[in-house]
Amino acid sequence: RSPLALIAGPCVIESREGCMAIADKLVKLSKKQNIPLVFKASYDKANRTSINSYRGPGIAKGLEILSEIKEKYNVPVLTDVHSVEEIHIASKVVDIIQLPAFLIRQTDIVVAAGESGAVVNVKKAQFAAPWDMAQVVKKIESTGNTKIMLTERGASFGYNTLVADMRSLIIMRELGYPVIFDATHSVQSPGGKGDSSGGDGRFAPYLAKAAAAVGVDGMFIETHPDPENALSDGPNMIPTKDLSRLWKKLSAIDEVK
Amino acid sequence: RSPLALIAGPCVIESREGCMAIADKLVKLSKKQNIPLVFKASYDKANRTSINSYRGPGIAKGLEILSEIKEKYNVPVLTDVHSVEEIHIASKVVDIIQLPAFLIRQTDIVVAAGESGAVVNVKKAQFAAPWDMAQVVKKIESTGNTKIMLTERGASFGYNTLVADMRSLIIMRELGYPVIFDATHSVQSPGGKGDSSGGDGRFAPYLAKAAAAVGVDGMFIETHPDPENALSDGPNMIPTKDLSRLWKKLSAIDEVK
Amino acid sequence: RSPLALIAGPCVIESREGCMAIADKLVKLSKKQNIPLVFKASYDKANRTSINSYRGPGIAKGLEILSEIKEKYNVPVLTDVHSVEEIHIASKVVDIIQLPAFLIRQTDIVVAAGESGAVVNVKKAQFAAPWDMAQVVKKIESTGNTKIMLTERGASFGYNTLVADMRSLIIMRELGYPVIFDATHSVQSPGGKGDSSGGDGRFAPYLAKAAAAVGVDGMFIETHPDPENALSDGPNMIPTKDLSRLWKKLSAIDEVK
Amino acid sequence: RSPLALIAGPCVIESREGCMAIADKLVKLSKKQNIPLVFKASYDKANRTSINSYRGPGIAKGLEILSEIKEKYNVPVLTDVHSVEEIHIASKVVDIIQLPAFLIRQTDIVVAAGESGAVVNVKKAQFAAPWDMAQVVKKIESTGNTKIMLTERGASFGYNTLVADMRSLIIMRELGYPVIFDATHSVQSPGGKGDSSGGDGRFAPYLAKAAAAVGVDGMFIETHPDPENALSDGPNMIPTKDLSRLWKKLSAIDEVK
C-alpha cells in the first residue's frame, strides 16, 4: 500500500527564487516524512477574476523554472494548461499535465492531454457531478492513455461559494483511477471579493483531514511562505511552515482509516 | 480528553422487542470498546413523506420502552419531539430532547426544550447555514439552559439531495457547544423515492470518518439489524453488525486527528 | 377565466390601526382594479430568526383584528398557523389557513389543516422540490378537503439565499390545484443579516411579473406603508403605494400570457 | 423602444440543407412578426458530454454555411468559439462572437473576442453569479470594444440541474449592456442522461415568458424541426413550428411589462 502523496507548490510562479525556495522546503519535508512529492506551480493564471491581476511569468520562463526544479531535486512536476498548444509544449517538460476545472468539457483539450502521453490530472469542475467524470475519463482513455488522476476541488453551492462533497471521492474512485483532494481550492469563494476570489484557508487543513479519512491517493495543497502577500489565491493557501505538522496528522489518519 | 460518543438506535421504535434487541447490541458494543453511548429512538415519525408510512408506537408507549431501556442498561436515552406538549411529557423520561431539523425555527418549541432542563440536541436544518445556529443557541440560552448539542445532518443541495459541508462542524464548534455528526441522515435523499425518502447508506461510514477527522464530540448513527426491511429511513441506515468494525476506525481517527 | 387574485397584507399585525389602514388601501385597490382580494396578516411570527424580535399581538388579539377586517370590508382573510391547537382556533375565524413552509412535513399539522374545512394554502418549503408537494397534497386530501392552494416562495440555494425556480409553478399546477407565487418571500435572504432575515425587495416586482407570465392563479405580496420601519421582513416588502402600478402590469401580463 | 430580438437556430449545423431550411423558416417568421433576428448555429460542439457525440461540420465548412445564410437572407449571424484562433477566423464572417459559458474565465479568449471588433455575446457561466459578469465585461472593455451582450442560461443547482434565477437579468442589465435570456439551455440537465445532457424543453417557453416579463433585450432559442431527432441538445429545444405562436405571446408580454 502506497503512502499518501503530496502535490504541492505555490498557486503561481511569482519568481524563480520564490519558487525554488518553496520547492526546497517541500523536498525537505518529503524526505523527512517519506512523502511521495509532486511539485506544482502555474506559469500562467489564465482565468483570473480580474484583468488587472498578476498572471505569471508565461509558459517559456515558467517551464524553465519547473525544469530546473525537476532536475535539481529529482522530483516530478505538474502544471496546468489552457489550450492544445500549451499541452504540446508543457508535456515535453512536466510529468503531469493538469486540466483546469473550467476546461474539462473542452474535448480537444482533454484529448490532447491524453495524447501527450503525460499523466493527466483532471480537476472535477465546479459545475460537474462526480459521476460526470466518467465521460471525461473515456475521452482520455480513447487516446490509449490510462495514466489518469481525478481531483475533487469543490462544487458550486449557490453564488460565490463551493462545497466539498466527500462522497465524490468514493464515486470517482470507482472509476478505477487515483483520486486526489484539493484542499485549498475547495475552500475558495470564487469571485467572492468582487475583483478576486476569496476563501477561508483556515478550513483547508480540516477538509484535508476529512478527505484523508474517507480515503484518497494524494492531497493537492497550494502553499506559500506568506499567503497574505501571495499574488494569487492567498486567502485559501496553507502557510508552508504549517505543512509538516499537518502532514503528520494526514498521514496518521491515512494509516488508520 | 473524552472519547468520541455514540448516539445510536433505530430510526423509529418498530416494536418493544426489536428496540430492546438493538439496545442490547449497542450496549455490548459500548462496553467492549468503551464508548460513551446514548440510545436513540423515535416514538413518532411526525414528518414522514407519505401519509401512509408507519409513524411509530406513539409517545406513551414509546417513552415506556425508552424508560425500560434506560433502566435496564443504565444508558442515557434521546428522543425527538414535535410540539411544546411533547417536550413537557418526553423530558420527564429522556435525558436528551432532540429538536428535529425542520422545527428549529419554531421559537416556542426551542424555548420549551430549553426550559425542560434536559440536554437539548439541535439538528441543524437543511435550509440553515452553520452560523445561523447562533440564534437558535441564544433562544435556548435565554432559558438559562446551556446543556446544548449541535448536530450536522446535511444541507439542501438542489432538489432531493443533501450535502454534508464539513466546514459546518468547525463553525458550529465555535459556538462553544459539543458538535455531533449525523452520518445516516446526511446521506438521505429527501423525498427522493417519491413517496418516501431515499438515500445511500453506503456513504454513511465514509462521512462518519470524515467528520471524525475534522473533529466532533460524537456521532449520530441510525442502525437496524436489517435496514432493507426497516419501517423508516432504511436506505440510509448502517447495519448494526457493521458498527463494531466502523467504530474501531472512527475511534482511531479521532485519536490521531 | 378568473382574473389574477391578490393575497396581500402586512407580514405581522403591528397594531389594529396599522392593519386596518393597510386593509383599507388594499380594498380600495381591489375595487378600483377589480382584483379578487384576500387580506393576509400574521398574529404571531413564531419562527423569527432572533428571540428578541417582535412576534405579534398573539392569536386572540390577532384573530379579533382579522375578524373585524373581514366583516368591515367583506373580504376573505388568511393567516398562518403553527400548531394543531392554533388551527382549531384560527379556522373558526379565517377563510384560509396557511401552512408555513418550515412546517409542511409535520403530518399532524397538515392533517389538522385539512380537517378544519378551511381552504388550506401550503407554502412550498425551501428544502422541498416542487414534485414533493404531491405528498403534502395527499395528506390534505386524505381528510376529504380539496380546497387546496400551493404557493412557491423560493428554494434553498447555498447558504442564506433563495432562488425562485419558475418551473415549479408549472409542476405544482399539474397537481390540479391553484398555484400562488409569493413574490416577497422569494427574495428573502434567510438569516442573512445575522440576527434577522435580509432580502432585496426591489426584485419582488420583477419576480411577480415573471410568475404572472408563466401563469399563476394569484400573487402573495407582503406590503407595508413604510417597509424600512416594518417590524418584520421589511427588506423584502413592497411599499403599499407601489401596488397599484405594479398590479396594472401584472394584470396585463396575466391577460396576454 | 426596440422590439424584443430573437437569436435562434439549431444547436449544431447538421447539414447545409437542414441549416438553410431552419434559417428560411426563421427569416419568414421574423418578417411576419417584425422581429429583429440573429441566426445562430454552431460549427463545432467542442464540449459534448461524450466523445462519441456528433460535433459538427468544423469551422471551415460551418462558416461557409453561415456566410451563405447571412448573404442570402441579409440576416446577422452568431456562432460560438472555443479558442483564440477560432475567434480570429470566425470574426471575419459572423457578426456576433459568442463566448461559451464554460470559457468566460479564460482571459485570453475573452480579450481576443473583444479585440476582434465583433459584437461579443457572453453566456454567463453555470458556476458564476450575475455580479461576477462585471469582471468579464471589464476584460472586454479593456480592448476598447463595448459591443457586449450578456446572456443568462441557468446556474448550477445541485448535481445535473440548472435553475434560472430571474434576478440575474436585472443585475446584469445594471452593467449597462443588452441582456439576453437563453430559454433552451436554462432547462438543460447537464450530463443528466449519463453520456449526454438531458433537459425538459417543455419548460423553455414558460421561462422565456418569465424573462420577457422581467425585461430583456432578446431571447436566445435553439430550435429544430424535429427535436427528438436532433444531433445535439434535442431534449431542450423548441420545435420550429411552435415559435410563431410563442413569439406572439413573448412580444405581447414585452410590450405590457
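Letters A, B, C and D mark the chains as written, and numbering starts fresh at 1 in each.
Just so it is clear, a residue touches a chain if its C-beta (ideal position, glycine included) is under 8 Å from a C-beta of that chain, and two chains touch if they have at least 3 such contacts.
Just so we're clear, the structure is a prediction, and the values are computed from it rather than from any experiment.
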Which chain maximises the distance between its CA centroid and that of chain A? C
Taking all residue numbers at the chain A/chain B interface, are over half used by both copies (same) or under half (different)? same
More C-beta pairs touching across which pair, C-D or A-C? C-D
Chain centre separation (chain A, chain D; CA means) in Å: 33
From the mean C-alpha coordinate of chain C to that of chain D, what's the distance rounded to whole Å? 36
Averaging C-alpha coordinates per chain, one finds the centres of chain A and chain C separated by a number of Å equal to 48
Would you mind listing the residues of chain B that make contact with two or more other chains? 155, 157, 159
The residues of chain A that touch chain C in their complex are 157-159, 161
Chain D residues within the chain C interface of the complex: 155, 157, 163-167, 169-170, 187, 200, 203, 206-207, 209-215, 249, 252-253, 256-257
Under the touch definition given earlier, write down the residues of chain D that touch chain A in their complex. 46-51, 55, 82-84, 102-103, 105-108, 111, 125-132, 134-135, 138-139, 142, 155-156, 159-160, 190-191, 194-195
